[in-house]
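What follows is a pair of complexes built around subunit A, which joins subunit B in one and subunit C in the other.
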Partner chain A sequence: MNETDLGLWAVPLAMIGGAIRVSTPFLFVSLGECLTERSGRINLGLEGTLVFGAMSGYAVAYESGSAWIGVLAAALAGMLFGFFHGWVCKLPKVNDIAIGIALMLLGMGLAFFFGKPFVQPQAPDLPAISFGWWSDISQVQAALQVNVLFLIGIVLTVAMGWMFRTTRIGLIVRVVGDSTDAARSMGLNPNVVRLLATGAGGALAGVGGAYLSLYYPGSWNEGLSSGQGLMAVALVIFARWSPVNCFWAALLFGGAGALGPALQSVGISSGYYLFYAAPYVLTLGLLIATSSPNRALESAPGELSITK
Partner chain B sequence: MTTPSDRSPAVGVETVGLTMRFGSFTALDDVSIRVRPGSFHALLGENGAGKSTLVKCMMGFYHATAGAMMVAGREVDVPDPKAAHALGLGMVYQHFTLVPALTAAENLVISRDDTPGIIDWRKEHAALSEFMERMPFTVPLDQPVSRLAAGEKQKLEILKQLYLGRRFLILDEPTSVLTPAEADEVLGHVRQLTESGALTVLMISHKFREVTAFADDVSVLRRGRYAGGGKVADLSHDDMAAMMVGGQPPARDVDRAGERGAPVLQLSGIRALDRSGLLPIRIDGLTVHSGEIVGIAGVSGNGQMELMEILTGQRPVSDGRIEVAGAPFHATREESQTHRVRCLPEEPLRNACAPRMSVAENLAFRTFDTTPDDGHRFWLDRKAMRRRAAELVAGFQVKTASLDSPIQTLSGGNVQRAVLGRELTGDVDLLLVSNPCFGLDFSAVAAIRSRIVAARNAGAAVLLLSEDLDEILELSDRVLVMSEGSIVHETPAAEADIAVIGQHMAGHA
Partner chain C sequence: MNRRTISRRSLLKAGAATGALAAASALPFGAAHAADLTVGFIYVGPKDDFGYNQAHAEGAAAVKEMAGVTVVEEENVPETVAVQKSMESMINFDGASLMFPTSFGYFDPHILAVAPKHPDVRFQHAGGLWSADKHPKNAGSYFGYIGLGQYLNGITAGHATKSKKIGFVAAKPIPQVLMNINSFLLGARAVDPTITCQVIFTGEWSLAVKEAEATNALADQGCDVITCHVDGPKVVVETAAGRGAFVCGYHADQSPLAPAKYLTGAEWNWANVYTGMVKTMMSGGTIDNFVRGGLSDGFVKMSPLGPAVSDTARNQFEAAKAEIMKGGFLIIKGPINDNKGNVIAPAGKAFAEDDIALESMDYLVEGVIGSTS
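Right, the complex of A and B next:
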């Protein structure tokens, strides 16, 4: 017999489904920022990279007819933004925080400018795998529709965590991020390593943006991003620069972001603006709770400009 | 990866007429030194004598302007550190080149040239434990290096060079962060390695005791020139000091005058946390009287820096009382002015100066907002500031290009002299000093120490924290030892027993 009325169970169910849906861009951007920050550079321009990735992914998917080519294009665009950030930041006396903010504005401006013709047309969506086939209830099935990028994100998380511990490249990134002196005395070139790490981080952020325009919400317009790129920076700090923690933190933020729609779906719509603010309040709260006047940020890469 | 046992024996290095000029400044002038293979060679000299320039030329950081270098009897060209490493030369620096966030094992493995793309940790751990078994000392391999004590980091730096198969090791002031017992242990083991023919060591040091105890030969540099040397067995401490200074070594006796008076500084029941939040600072009672120097000895990292920060108001206390002249003290500017508290923190450029402000401005920090009759001032009197700065620069022999140069352009010794000048002007009732002579040359050290003793003789209470035990023993009236955040030992200086103090410093007695 079909149970169509789940009562209050609908809220956690919607939150799980929403968490998976909303957390995917957080996951990709935070993994990218985690890699960049582990190499000792902070890239605040990921918001602009994300929006430009969304636009370019959507545009290329529309023109080519395939969502995956759109994702690749978004990754490429993100990588170029990352390379630009890394290249400018290695010039002397350049402050990577200022450059990041400038690039954020540049990315958003370019995206809105080039994206004007793509606001109306409909591009193909990314596929999703249904994990809810065992249930007859449509809400369960809808909640357990997991998109492919989320699964790719899980694989990337595990791979990145393994890379930092067990490969030479991962150790080199950690060395460069923790101590420029030690890296130089080992014969490494910190600027090249950081350039490559920032490029890779930008590529991941571009993919995160492509997810927004090609799956959820699934269309391109100027209000697409709600600050995911910037929140990802806070997320990485909260996750203490560990890729696996980034995954859990992204799920947490995604769940917070899904709170509003989940409550709406059971009919609680009064004060829904407050629930939509939940991710931002969570960001603020976590940053305050994890900061301390006496202790330096442990496990922060030593070369990050925010910890110096 | 080569193992120590199947390496060919230690190499000898010789410099022939090495000269290094930076523009018009000659750092090294025709220096010829011979380090025999398998020997323990000490390199003595004041700061600025050219010791670090010489070893940097050897390691390929600098290209010598003239002269040649021979390794294992053959002339070689060392264009960069990689070439030096290929020849088997390695250097252990004074500031560590370890990566703090990585464990010791990760540091060792990544420092190799032939690290595999994907690291098989089981195999690497097995190889590392086998390597450690052959070494005379070990360090924990699985903790992040940031958690290791300075002594363990130093040992790890030496182990890293041996792990990488270096045959000629340059040690730059290796025992400056170690307790006397740790220093003896490390140098003893290094000496064993040289005696067995596995290693040649060139050690830069200024500690005569270690040179006579462990070195075979010594070379002395003065002002870029070779000033003397020979077998350690043939030279006495005074001989070596005379070569370093170029004449009679400065008198080492301290003239004490005046009597101990009333208590000036009293700490009771202090509880605080150190910078990592893990080590509790517990000072149950500490008193400094006027006219006495209380010296606190201890290995770096045991809470001395935190104690100084508590006294200067940089660190909050969770419990306890600080009293100066009977009144509660919170290190505010007003209290410091009323009670005439002055301080000389360690790393003065970082803790007592604004690096980019000028010398004149820095020298005015105590007095810029007061009028001569202790009133308050709103508008700065720049002329008076410059006048006072000029007096201090002349009186304390601060070498600076001009009063307006940023203070960070001065050398370490001159920054210290400038800060000393600022702090010791006028009457001082309580003087807090931390590591005053770190990295300074003989004459600066002698000048600063005599000023501290003069302040004591004039009736100031002096609290001296230092990692140099010789300095503590020379200057203090009472010696305390700080270990793991609390005071563990107290003795009058006349009855001080170095062995007992060393044990307390190491944390076990």
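Right, the complex of A and C next:
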């Protein structure tokens, strides 16, 4: 270790590093939720999916010895949760928000139950790529240790934005999300589209969970998620249902979360409870600033039960 | 079948008869096992968290080995009215007559609400301040002077640090946490008085991501030995070792998590304390309402020294430990100021480890970088 004294520069550096480290679960869950909501359903159960994904990813990685098999298992588990949500919600008179809350509690309960034997063992970690080779400063090198899943998340963000904008699949998801009647008249089956979109969204949330348990902070226990899944669902609304905005919102939340510890580390130590509330204050501020009586929720999918 | 034969009155009678039968059959059962003891343990988190709860659960496991003792346990019980329900259930359904609700926040108001309803049940609480004029006689408080464990941690840290900066990830600024931070620094300053200790408070007992962020922030500032006071030190230990820093453990032995970087650790020795209390209860004695002890009393122990501890460090560690084992070690010695410049103790005044004044500590000593609010 050869640390250089950075002074106050440590704060922006920590925020960049924190944004990269902490944002990945937010990114995956919000991309998944973005896809699901674009198809006209809300899956509030992604917090449960995230926790279950974290547990199953950790457990499978430990048993198999490969972190990537763990990620795959987390995606599969998340997809099952998504499919279950999609299947139940197609039944008549079922409220997707209520099912989501039930699935959130179920996912967490199942994860705690099956995860008990995996609190102690150490599973292999996901690899990271070092982008800090150009700098001699060890803090910069540490901050620029970028996990592969984060890079995959960036690719997914761009791909999903492109998919919604220009591809036929994107058009189908958007039509189903905006008007069930229009989709039916086009010969589409909205329930099937929503089932698939919820399943894919669940898989992404599961991967987000695997990032928590397999890379950062990198171990499974019952207090692993402090509501990241729920916050990510809110991020989608904040990001106005755009995948690219989801990415920026996830980075913002990751960076803001690193602000509190970083400020304390440079000696600005009083009022840390206030700094820890920074992400939420920021969200409120941005939502108020960007809202308007004329164009609020303009890009919201028309079939969402919260906007109808 | 004629439905009229079952009237509401006869149904009630039948119900009462069944109840009486159940009560009658329960009585001899209770009497036959009068010499036995059922002990209830309640944890605020998972009991295998490499931390606070695991330390208590290891104590419970030792009690379970004793003849004639039944142990009932419940984990992940929040510090809310939920713990009152858990206690009532253990007392009423499992017949527990000795309770160990182990989390700090269980005492007031939860134990204070349940204890008066069950005068024949003994409630032992870790860390709470029991006082004879305010609190029920069947409740008691016990705790260990683990600050001296952090002092010994600090000695190994003082020898291991090259940057002369050591780090502490802390949950909340309560007296026991502040005592640990101050002791860690004072231990390190016994090696080199220029060492400083950076503290970061996370605000909660268990917040994995924030603990990892705090550890990274400390490493970014050049802290090359890191310890913590959070419920589950696993994340801090793994993250710190991943950044190349040495670690000192807390609560339980975390050396398997970072074998090369682990210097030593301050551990609870609840197995010794709990088996002693259960023996007292079973032999018909009463446990003191206010029990405290340190290294010399077997309340606290140290992890075996890791491979990175040098011989000079080992010698100073062993010498300090031998001094502490004599009891009455003076941990805060004047002249000493807090980190805002106020005098804590003038020259000639000192606080021993068992000084009750230390249990309401609200300052960080000079050399600690951080603030309590």
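Please note the rule applied: the second predicted complex is superposed on the first by the 278 of 308 C-alpha atoms of A that agree within 3 Å, B and C clash if a C-alpha of one lies under 4 Å from a C-alpha of the other, contacts with A are read in each partner's own complex, and residues count from 1 in each chain.
Quick note on the criterion: a contact is a pair of C-beta atoms (placed from the backbone, for glycine too) under 8 Å apart; a residue touches a chain by one contact, two chains touch by 3 or more.
All values derive from a computational prediction rather than experimental measurement.
In the three-chain model built by superposing on subunit A, subunit B fits alongside subunit C with no clash. When the two complexes are overlaid on their common chain A, residue A:13 makes contact with subunit C while staying clear of subunit B. Put simply, if you stand at the Cα centre of subunit A and look at the Cα centres of subunit B and subunit C, the angle between them is 130 degrees to the nearest 10.
Of the two partners subunit B and subunit C, more subunit A residues are in touch with C. For the three-chain overlay built from the shared chain A, the minimum Cα spacing from subunit B to subunit C equals 37 Å. Common to the subunit B-facing and subunit C-facing surfaces of subunit A is no residue whatsoever. Residues of subunit A that touch subunit C in their complex: 1, 3-6, 10, 13-14, 17-18, 21-22, 112, 116, 119-120, 122, 139, 142-143, 212, 216-219, 221-224, 226, 228, 257-258, 260-262, 264-267, 269-273, 276.
Subunit B meets subunit A in the complex at residues 81-82, 95, 97-102, 106, 109-111, 115-119, 121, 273, 275-277, 315-316. Subunit C contributes residues 45-46, 48-50, 76, 162-163, 198-203, 206-214, 216-222, 224, 231-232, 234-235, 238-239, 243-245, 257, 369-371, 373 to its touches with subunit A in the complex.
Across the complex, subunit A meets subunit B through its residues 166-169, 171-172, 174-175, 178-179, 181-183, 185-187, 292, 294-296, 298-299, 301-302.
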